[in-house]
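Each of the two complexes below includes chain A, the first together with chain B, the second together with chain C.
So, the complex of A and B:
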């Protein structure tokens, strides 16, 4: 018996499969199985104990205003967060990387802290800061400045603003760390030779730092697009039960609303499948555009 | 040696990967020393206080059948999502659970995972306001025990009315209400009232009192009926034509923004169910003595002067290991005379059992509410309290009204009442 196991474990044919088995098991349990059952459920009406196939009915229902609102909000949110979350952290990272800055380790820690706080905790704090009416913190500041209080949670653009600002506040720190590690990999010799050639700081930033950060930027862009389309926390914590006029409705929030709040798992599944298709499509385009599929040129 | 280590590591990895599959199966409820552990979920901390009180007296009266009830509190939406998921997946649900009427119809779909409660309800049913059982029933089977009648009333802030020289006792119709509102607004600069714009009050009671609703008795969608359109138009006019009402700060009565606004006298009156008395007591201490409770004004003769709105149905789940004990405790905590009196004294809820309505505890004057006997108001309209129809599409209908209709008509003003109601009704009809 012992020998059989040993032969099995040390055979070149089977051993590799054993080593990838943990991954295969978790992958099939937590990815393949749910995806397949989601596809099946998207053609069904699902109640506990009574499941009926209803063909394409769920997909036909997708053609409605709320779903298009959700897609629009997702796209806007993604674009706005990326517009902030790439340039600003790069500039901050360059500053933090400079030896001239006093106390830069303290700054690094402080800037990274927000990403350690749970979205629910920070979201509740933001929600109360941006309370509607005249009693909210931000509104009382606005009134002191002579402006009228804003209905943060009841209008589209203010709602978008507080979602984007929460995301930017939370994720800047993480992106700064990415860019810092990228910056530290840039050889100092390049800057030294640029100095000899008489380049100023801006030249060095645009002709050395940025081009060499490109792989990091592409990586951050990819996860930001994914993060933008998978966004749920901000929407959930601001508009916990009630989503007035689809202000903060994102695709994942729409899944949640239909599948869980209105107990229609079949329809929720069909939204999920469409989301999968959208994210998959964008990522393929992006990877093609940035040439990840091409072989590295030696 | 090396081989054994390798083998050990492989086994360890396999164990670690597959371990979660076997975890979390068994429940840890074992009766020890005659005490049975039961679990309960509630979505409001105030309710938890009530059950703690009931548990204490149950344990005093039943020394041989004590219960150790662990009550877990969750925010409203989270609790119901958790319940949906645990009932769908078959594990993790509590023995007893408070289910908000906003979500109740979700749990009556398909194979119902709640226990039929007729055994404890039938013996006392004729002592209760019948419509409060109907909202938690399907096909004659009761699945939830009501917590209150939820009779909608108007809470008048007497201080503001006195300043304006208006007597709220004379307000009998909504036209009177608008006229009084104009005087209050002109004299004090304070709006008469505010409407929920991310929730459904007072729209819902206002339509039900004159015969409208979201669904009819058979569950058909009647959200875009003439009555509903006319009512929503009247609400719109109160806000933008007569300028006596504003969108509620925060959008709903359960928002942190609303309580300080109301507490500081930001509006002259509030149209909400009786159970909102508990919120006045808990969150708006400065209004003590100033608030007077009166029945709803009416639209036209023949309308009802109150509507039972909102509700919490307490249910036993089929996952419970001690279904009978859970039912007995539930009967004790919610169906007995004593408990119905406690619903009033602890929570200020209008108890659904009407044979306690003339108990001295209920008729005692309340210093917060103008030192009046609030319950006399309810006794006067006792036979007029109707409840909305709670059919399968109810959760979805309420959600649509809350999230689309109110906001688009009253805040964004991008759709007329007729357009918004028609649109929501059409979307609802697609869900059949």
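So, the complex of A and C:
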């Protein structure tokens, strides 16, 4: 018996499988099984103790205004956050990388700080700043500038604005760090030879920096799209109970509302499958457009 | 343009950016020291007046209804600690296995690891929720921690790191008569210390701030983590601001302390392993 155990412990044949065993267990139990189970549930009416197969009924129910509103909000939110969270952090990273800046490490740390704060805590801060009524901080500023106070939580575009600004505030620092690491991989000689050719700073930015940052830009774009379509916290922290007219209703929020709060797991699953399809679709499109870079990176 | 003017302008720009980054946290901090009746009627407030400072919001933590916060704090600390320790152990184990052995199915497993990183986990939350009910793990720490403890980011990160370790160490271990697992625990794991530090920070931050999954799993007030508890205090009809403000500030403090002392690990963790932010 002792020898058997010893043989096993020293065996190079079994060892690799023992090493990857935790992943195999977790992968099958917490990934493969849930994916299959959610596909099946999306064709069922699921209540505790009773499960009925109902074909495409859940999917038919998806054709409704709330779900369309949720998809529209996700698309707008994703586009708006990306419009800020790619160009602005690139410019900041380039400036942060400049030797002319005093205290670079300190500034990098300060700009990174917001990403460490949980969505709820930063949301509380934003709710204070964007307090409705005349005396909220931002509203007071607006009045000073001659504009009227805004009902941030009661109207669609102001609601969108406070979600997007919360996300931009929290995520800039992370993207700056990504772009900084990309900048540090660009060989200095490229800039030196550009100097010899008489290029100015703008030329260098558009002809050297941007093209060489492209793999990182694509990577950041990918995670931003995922983040945008899976958004939940930014909505929950502003409207955790009722929201007027679907302001802030997103796809994941809709899943949470229908499946967890109203217990309709079947319908919730069909929403999840649509989300999966959207994310897959975008992924395939991206692969088509940027396929070369994926190969370069992978 | 004169170099000094350039320097000055750049510095000015970053001071403005720095203020934008810090201001919401700063505003939260000064609000937490102000009387709550003043909070929403004050317009533009940049400083808290000395004679106005009150510790009411912090004293509330020790009142009958405020002390629930310490349960939330304890839960957050325990869940973060259990998750981080478990994930570091398991993912370094798996990552090492994928890095040093050449075996049938290895590439398939690597593909699976990358594939999980590409799927928004929110899609899995319903079947996982059903699974937890079946396993009777709702409202438990295990329920929060187990489904995500074998983190693909961790595996990916440790695999990258272990690939860079020289094979000589492993061969030397075999000659000395170590088992395959002994080599990992006695020789390789100590060599991976920097990787452990970077991942520890990334994973613990994520767990500390995690929101949607604990929101689904944790059902009773005494089991809540800080974000879930604080979120419950937000209501459309006048929030319970005493606990909300002091609680929010106390939730930030450990994060900032960890950050100040471990900055370099934050950056390496983010850039190498921070897929899916």
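One rule holds in what follows: the second predicted complex is superposed on the first by the 270 of 298 C-alpha atoms of A that agree within 3 Å, B and C clash if a C-alpha of one lies under 4 Å from a C-alpha of the other, contacts with A are read in each partner's own complex, and residues count from 1 in each chain.
Here is the rule we use: a residue touches a chain if its C-beta (ideal position, glycine included) is under 8 Å from a C-beta of that chain, and two chains touch if they have at least 3 such contacts.
Not measured: the values here are computed from a predicted model.
> Once the shared chain is lined up, is A:177 touching chain B (first), chain C (second), both, or neither of them?
After superposition on chain A, A:177 lies in contact with chain C alone.
> Pick one for A:74: touches chain B only (first), chain C only (second), both, or neither.
It touches nothing on chain B or chain C.
> In the overlay, answer first, second, both or neither for which of chain B and chain C A:250 touches.
Neither partner.
> With both complexes overlaid on chain A, does A:33 touch chain B (first), chain C (second), both or neither?
second
> Once the structures are superposed on A, label A:9 by its partner contacts, choosing first (chain B), second (chain C), both or neither.
A:9 sits against chain B and chain C alike.
> If we overlay the two complexes on their shared chain A, which of chain B and chain C does A:209 touch? Say first, second, both or neither.
neither
> Pick one for A:261: touches chain B only (first), chain C only (second), both, or neither.
A:261: touches chain B, not chain C.
> Just chain B (first), just chain C (second), both, or neither: which does A:47 touch?
Touch partner of A:47: chain B, not chain C.
> Going by the contact rule stated at the top, is it chain B or chain C that touches a larger number of residues on chain A?
C
> Who does A:110 touch here: chain B (first), chain C (second), both, or neither?
second
> Using the superposition described at the top, list the residues of chain A that contact chain B and also contact chain C.
In chain A, residues 9-10, 18-19, 22, 25-26, 29, 128, 131, 133-136, 239-242, 260, 265 are touched by chain B and also by chain C.
> Under the stated contact criterion, what part of chain A meets chain C in this complex?
These residues of chain A touch chain C: 9-12, 15-20, 22-27, 29-31, 33-35, 37-38, 41, 46, 92, 95-96, 98, 100-103, 105, 107, 109-114, 116-129, 131, 133-137, 140-141, 144, 169, 171-174, 177-178, 181, 223, 226-227, 229-230, 232-233, 236-237, 239-242, 252, 255-256, 259-260, 265, 268-269, 272-273, 275-276, 279, 283.
> For a test of understanding, state which residues of chain B touch chain A in their complex under the given definition.
3, 6-7, 10, 13-14, 16-18, 21, 75-77, 80-81, 84-85, 87-88, 103, 106, 109-113, 197-199, 247, 249-252, 256-257, 260-261, 395-396, 399, 402-404, 406-408, 411-412, 427, 430-431
> Under the stated contact criterion, what part of chain A meets chain B in this complex?
Listed in rising order, the residues are 5-6, 9-10, 18-19, 21-22, 25-26, 29, 47-50, 61, 64, 128, 131-136, 151, 153-154, 239-246, 257, 260-265.
> Mind listing the chain C positions that touch chain A in their complex?
Those residues of chain C that touch chain A are 3, 6-7, 10-11, 13-14, 17-18, 20-22, 24-25, 27-28, 31, 39-45, 90, 93-94, 96-98, 101, 103, 106, 109, 112-113, 116, 118-131, 146-150, 155, 179-181, 184, 205, 208-209, 211-212, 215-216, 226-227, 230-232, 234-236, 239, 244-245, 248, 251-252, 255-256, 259, 263, 266-267, 270-271, 274-277.
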